[in-house]
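Before we start, here is the structure in question, set down as structure tokens.
The chains carry the letters A, B, C and D, assigned in the order they are written, with residues numbered from 1 in each.
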Amino acid sequence: MEYNFKLEIKVRDYECDLQGVVNNSNYQRYMEHTRHEYLESLGENFGTMHEKGVDAFVSRVDIQFKTSLRSGDSCLSCLHTAKEGAKLVFYQDLFRASDNALAAKGKVEIVVVINGKLTRGEYFDDLLKKINER
Amino acid sequence: MEYNFKLEIKVRDYECDLQGVVNNSNYQRYMEHTRHEYLESLGENFGTMHEKGVDAFVSRVDIQFKTSLRSGDSCLSCLHTAKEGAKLVFYQDLFRASDNALAAKGKVEIVVVINGKLTRGEYFDDLLKKINER
Amino acid sequence: MEYNFKLEIKVRDYECDLQGVVNNSNYQRYMEHTRHEYLESLGENFGTMHEKGVDAFVSRVDIQFKTSLRSGDSCLSCLHTAKEGAKLVFYQDLFRASDNALAAKGKVEIVVVINGKLTRGEYFDDLLKKINER
Amino acid sequence: MEYNFKLEIKVRDYECDLQGVVNNSNYQRYMEHTRHEYLESLGENFGTMHEKGVDAFVSRVDIQFKTSLRSGDSCLSCLHTAKEGAKLVFYQDLFRASDNALAAKGKVEIVVVINGKLTRGEYFDDLLKKINER
């Protein structure tokens, strides 16, 4: 898959749980952070969007966990975007940096609400246009 | 659906993000906590299991987000279990306590590893037997 | 010490880190949650306050860690309040429920900002008056 | 102050709470992550240490919060170490990267437990020797 964006993330030890591996919920957090850094790479900021009354909400996550990340590991967090109906869908893969093993694979669906109203995602279209014009 | 276990969870304000709602990753955490409390209700403890060399790992989560929880809210976290092949599957619903609105709906798949080896989930069978004998 | 408020908190396993104990940062979170539940017991809500333009900010925390909490533990989180100058100070103790051992002991200083301006804490005085009138 | 180690940390949006600023507990987490990255710069890893039976525990944190970090901000996390009796003390400052404003100032005390026994911190002496020999 050709990715739109990649971010290296170092495991933080407080993210590991009593099993000695990164707690599952943190992969979801890594994915969120990657999406928001991707936004910043497009000239947007999630907090500024919220202040303007534009909120992107996650409507669904589907994450498969493959290889556990541990203390000392870094991962490469990669994403690919697609417009599916009114939703923006992020396909997100996390690879362990040391050996490129797939750590987690996610599909994250986003909807955009502007001033409290669900939109058909025109806001996404503008962002995607921006991507394609690069 | 008939649930095997229910737990009331009060939203903690640090779980809310800059959008003023509970951050998505925390629903996954609520669901984990509910499963582990369910384990305790069966006489098991997740940490003790780990020390005995028995680790339950989440292999997949699929969560749909329906109604945002906010500061001051409580939710009722409900789960139903099913054995599907070697996996134990948890169907988990979170309802906002004030009006019973569905906040999130999840399917969480678990595998059991004993002393580093993936099992066919016999450990689950014993737990489920325990449930049925109640 | 006579406490103004007590809250029982069950350890959640994702709060435990690779050392098998509750990560230190979570004691600070337990203390925040206890203060906010205390607020609710006084008829206030932290999120509602923020929407009204009234923000309580932590200006300092001093926490001593005494006994580690682990998976399966509950703690009793207790607080005592005092007005010290323009600050509201919370003295907060966490006790392991099973044997009453002191888990952590904190002093947390709070300032109140209303519509962006630091106040002399008159807002606290009203809250404390409310406490004393009980 | 001359720092022993510096680390740039980008704010992650899930670390911001409903007040729109990084939740206080996350500064403690930034400080932990900085100490552990510092350990790695010395050739140590916190998880590996734990597996060898060597556990560093935080015995006290004292953190003053000065300037709130927000979505989009980065901070420069700096630390200075000192041996004080049996404790290793970390003086840790977080600066907002955009204008070098002091975001938080912490003093974190650490004790070392080896195979369950509190030590006089000889383990620290070896680490500090390593620092000085550089």
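By our rule, a contact is a pair of C-beta atoms (placed from the backbone, for glycine too) under 8 Å apart; a residue touches a chain by one contact, two chains touch by 3 or more.
Computed from a prediction, not measured in an experiment: that's the story for all the values here.
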Larger contact count among A-C and A-D belongs to A-D
If chain centres are mean C-alpha positions, then the most distant from chain B is chain D
Per the C-alpha centroid definition, the whole-Å distance linking chain A and chain D comes out as 27
Between the Cα centroids of chain C and chain D the separation in whole angstrom comes to 23
Distance in whole angstrom between the CA centres of chain A and chain C is 33
Multi-chain touching residues of chain C, meaning two or more other chains, are 13-14, 16, 18, 20, 23, 25, 29, 32, 46-47, 71
Touching chain D in the complex, chain B uses residues 13-14, 16-18, 20, 23, 25, 71
Per the touch rule, the chain D residues reaching chain C in their complex are 18-19, 23-26, 28-29, 32, 46-47, 50, 55, 57-65, 68
Within the complex, chain B is touched by chain C residues 10, 12-14, 16, 20, 29, 32-33, 36-37, 40, 45-48, 70-72
